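What follows are several structures.
Here chain A shows up in two complexes: once beside chain B, once beside chain C.
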Partner chain A sequence: MATETLAAPVDASPRRSFSLTPILTLGIPTLVVVLFVVLPLILIGIYSFYSLDPVTGLMQRDFTWANYERVLTSPIYRNIFIRTLSIAAIATVIALLLAYPVGYFIGAVAKPQNQGVLMLLVLIPFWTSYIIRTYAWIGILQSNGFLDSVFGWVPGLDTNLLYSRAAVIIGFVHVYLPIMILPIYASARNLDKRYIEAAQDLGASPFSTFLRVTLPLTMPGIVAGIVLFFIPTFGSFVTPQLLGGTGDVMMGNIIDNQFGEAFNWPFGAALSVIMTLVVIVAMTLFFRFADVEEIYGS
Partner chain B sequence: MGAEPRSRGWVLKAYTALVYIFLFAPIFVVVLTSFNPTGRATIPNALTTQWYRDLAEDDQLIDALWVSLQIGVTTAVITSLLGLSAAYGLSRYRIPGRGVAQGLFYLPMLIPAVVTGVSMLIWFNRIGIDLGWFSILIAHVVFALPFTLTIILTSFAGFDTRLEEAAQDLGATPWRTFRLVTLPLVMPGVLGGALIAFTLSFDEFVLTFFVAGGGVQTLPLVIYNRIRYLLSPEINAIATLVIAFSVGILLIGQIAIALRARRANRAETA
Partner chain C sequence: MAESDVSIRKLVKRFGDMVAVDGIDLEVPRGAFVTFLGPSGCGKTTTLRMIGGFEHPDSGEIYLKGEPMGRRPPHKRDTSMVFQNYALFPHMSVADNIGFGLRERKMAKDEIRRRVSDMLKLIELEDRGKRKPRQLSGGQQQRVALARSLVIEPTVLLLDEPLGALDLKLRKQMQIELKRIQQQVGITFIYVTHDQEEALTMSDRIVVMNQGRVEQEGSAEEIFDRPKTRFVAGFMGSQNIIDVQVADRDASSTKLRLGSNTVTLPVAVAPGVSAGAIAVRPEKVRLDVAEGWQGTVQERIYKGVMMSYSIRLDDGTEIDAEVAHDDVRHRHEVGDTVRVSFRPEDAVFIPDGA
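The block that comes next holds the complex of A and B.
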């Protein structure tokens, strides 16, 4: 023990350059992720080119573009694709209108000692089960539900929104609002208020100060919030399943259906690949846009 | 001019309060309904604990709760070990492929969960892993890893590496240095990461839905099936307990962080 203790400092640094530690510490988690995330994603890419034998219904390991052709040419799937994009886009815009003022208020207006508690309050609903929060909206929006029992006396007010597009959008906004507030809050907190004061000293109106100073400076938070909100919304199948009607079926429901009742894995795989590509394109576009804004802002 | 910002501040405050009401109203309704004798989401005329008593005898829900707790704890242990290992590697070494590895860890955060779920389903099917407890565990671990890793990396970022060098100069082996110097300093991050992993696993639905198979049912799966196929007022009771549990964990984490910060402050001023 004593000799080891004495010897260690002498050859510690040269030995470290040949150490297995970096390979093991990074390697084991990487192996887990490759084995259970990367390879599955590659496999689903391969499956998307397989087909089903028309007679037996069994999967054929051949190579065909037929699944992609079906998605892109059939009006049914094109409509579902467009509907999914538009529901996700509308929900994102509404969420931004709610999240921006709140994130800005907590990060830039509220007293610093209150920020922690206010953010904790935003995060509490987020740490409450997704399924339970979606379930809660069923009780609120159904006929003779909670909204009815509170506002039912108001003449002409339709509170029975369950199984409608509006219910799906309300569900999305509620479930993912906190992850949009989070980055907006972070960028509002880091906002250097001297820029705003300078703009006002130079005679800018509150509106143009907001448009030309505050908004560009908080743009990274807005973009991060939009991306974080859009991805799970676009890929969702639970919310339209539980809150939507037959006309609110989204891409996620079709994928779920291919791996459940329809049992057409190759077609479901092609839909999954298309969904992933949309998410990647959306992310790339948004981040490029954000960079441009940042350069413009500075 | 002086009155104008104040009035706008008031509008902003009221708007924020309305958004908070929107965020909390559904949770409030579930809790309220769990005590409503009608079992429906309305303003109750009386209060009852009937649904909680029913819940105690609902074996399917109790079993599912037990499964979720077991998978959650196992996920927390494995994910925090993997996260600690990855965070150590990422923050201590500059080896080739490091950036790629880091990108891969965040993949499950960026790919839609439906896609990850069905990919895992066909992969487990292809390589012959039976769907059940183990496949759910794997899905939860890779799903929670980016969140856990982020938290542990933060604790490595605020780390004075001279402490490690000092330990090594004094003759400690790399393992001893890690155990006696590094680990205690990043422990809050590891515990925070484990807590997040547990919560994410406990509430996870989409991946579980695809990789569970028929045999093992977690709590979110049972709740989902009940919501879809039958009216079951006990759902509100179990939901209330789950909400209290999740919020409790979150608060414990926050209080621990606050206490630690205060202790650190006191140590600095002393």
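The block that comes next holds the complex of A and C.
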């Protein structure tokens, strides 16, 4: 009797042993992921093998590698792909040069009681829509815009930047900078100051301390920041469309165009699949190269 | 006095309203193992960090080999610190950690390799050079931290409670190990701890600190046997600090009174002193002699080898005694009337005002 009484709360009856809690806690996230991530990806994957009926322009449910062949053999797409990569890479490097000092300052130099407010200031731009912030740059960069009217008189300085590569990069850096600062801030805050003291104590100058101790120990934040910045930049189509010229078209614009005006979903899907694979492979290599595990692994 | 590696003059450091270091003067002789001993918050770590250059004094000066340090940063001082939790660089191998300071000094690669391997030998971790610090045990990490500081051959090695994170057994081993290494390399060690036993085991000189001041400075024996202040006596384990009046004195002895009891100690007391305290360690208190101060056993605690008694004298003073309890003849029960005595040479008189 005693054991039964003790066991009662766990399995009093077959009815009670059925609990909704684990099903809800595991089920809802799974459902969300399947519905909004897995299914669309599968769908895109399937579309990428479809073809277009040359007469009606409608999608044909068949299986062809033609879309991939077209992407991989055409020099046009190769050039746009390389351009996309280089724009995203340049923007990432510039953003890193800006984000690191800011993130490091807030996380490791500022007083702990001020860090919250400072990070809030960094994140405030996120309260405004991406599109609106990008439009704001049009006002700043266009001819007779803010930049032009203030600095236009300086000889040799091009202040009419709208519809240029520079404008696209400025737009990217501005829009995605906060999400790069966040992980750098976090790793700087977690950096144990005694490592820095130890390095100085052993004779390292401030510069040497930074290179040999601070930088490697905040590498996880840098890696995360680069990934968080690079991926949306690489796939972006709004910024180059609004701020870039005809020479700044990125893969995102091509894909957007295939699904939109060109109405060639299979080809757009094939481009998307290739982009996704490139990002996955690049990030895998990047993580291996950066070797974050090596620093904090067990 | 031997040549000083470190001289400290009127050192003061405040953090906001708190005075962490309140006017310290100190000489650290070359090649000595000096321990700053005191409770947490006594200013010992702050003083150590000022010597290392991690904090700067509000007033006063620190001299290393006679040279005033002022606000010189740590990397320009010939000191090296072993941190409490070692602060080994987690992204570098053990060998790279040890070689860090040498690479900063732009030493040739071969020379670095040779010195690092010498150090690994000294700390008996020859085969662990390629490991990462986290793959080592606490005691091994401790030794790597020591090697990393020693390899750059500092004038002074600063150790901030370096054994605090280790378990008791390992700590005892490391105490002996540290002392051996210090004697082998001959570098001046300044060691910070709150553990009096640790200080006694290793130090050539002990500086007992309290509330930002130096209470007493001397050899381990001096500090242990002849505490000069009530604080030092208490901190070094004399639980019995008994207030007494000076009843009579001559050139070589002093008669002290506690209520109706008296004791004569073989010490001379300055003419102006009329009161003070007797410090006597519990294990020096005897209960097996017919003579002595009368009291009642209040409490008895079994402590293995020793039996601890708490005895209240007739005038209300409490005295602790620890006696070997294997001697059944002298076992006392709570409530028993006993005679408390100690040999005059086992007691220390601390005049008031000290």
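Note that the second predicted complex is superposed on the first by the 266 of 298 C-alpha atoms of A that agree within 3 Å, B and C clash if a C-alpha of one lies under 4 Å from a C-alpha of the other, contacts with A are read in each partner's own complex, and residues count from 1 in each chain.
Everything below uses one rule, namely that a contact is a pair of C-beta atoms (placed from the backbone, for glycine too) under 8 Å apart; a residue touches a chain by one contact, two chains touch by 3 or more.
These numbers come from a predicted model, not from an experiment.
Enquirer: Classify the contacts of A:G203 with the two partner chains as first (chain B alone), second (chain C alone), both, or neither.
Expert: Touch status of A:G203: second partner only.
Enquirer: So in the superposed three-chain picture, is A:Q60 touching just chain B, just chain C, both, or none of them (first/second/both/neither)?
Expert: neither
Enquirer: Quick check on the superposed pair: does A:V279 touch chain B, chain C, both, or neither? Answer first, second, both or neither.
Expert: Only chain B is touched by A:V279; chain C is not.
Enquirer: If we overlay the two complexes on their shared chain A, which of chain B and chain C does A:N114 touch? Say first, second, both or neither.
Expert: Once the two structures are laid over each other on A, A:N114 reaches no partner at all.
Enquirer: Tell me which touches more residues of chain A here: chain C or chain B.
Expert: Between chain B and chain C, the winner on chain A residue contacts is B.
Enquirer: May I ask you to decide whether A:F36 touches chain B, chain C, both, or neither, giving the answer as first, second, both or neither?
Expert: In the superposition, A:F36 touches chain B alone.
Enquirer: Have a look at where A:S74 lands relative to chain B and chain C in the superposition and call it first, second, both or neither.
Expert: neither
Enquirer: Pick one for A:S143: touches chain B only (first), chain C only (second), both, or neither.
Expert: In the superposition, A:S143 contacts neither chain B nor chain C.
Enquirer: Can you list the residues of chain A that meet both chain B and chain C?
Expert: 206
Enquirer: Could you pull out which chain A residues touch chain C in their complex?
Expert: Per the touch definition, chain A meets chain C at residues 192, 194-195, 197-206, 208-209, 212-213, 216-217, 219, 294-296, 298.
Enquirer: Quick check: in the complex, which residue numbers of chain C touch chain A?
Expert: 52-54, 73-75, 79-81, 83, 85, 87-91, 100-101, 104-105, 134, 148-149, 152
Enquirer: Using the touch definition up top, name the residues of chain A that touch chain B in the complex.
Expert: 4-6, 8-9, 12, 16, 19, 21-30, 32-34, 36-41, 43-44, 47, 98-99, 101-102, 104-106, 109, 116, 120-125, 127-133, 135-140, 142, 144-146, 148-150, 174, 177-178, 206, 231-232, 234-238, 241-242, 252, 255-256, 259, 265, 268-269, 272, 275-276, 279, 283
Enquirer: Which of the residues in chain B come into contact with chain A in the complex?
Expert: 4-5, 8-9, 12-13, 15-16, 19-20, 22-27, 29-30, 33, 40-43, 82-83, 85-86, 88-90, 92-93, 95, 97-98, 101, 104-105, 107-108, 110-116, 118-123, 126, 138-139, 141-142, 145, 168-174, 199, 202-203, 205-206, 210, 220, 223-224, 227-228, 235, 239, 242-243, 246-247, 249-250, 254
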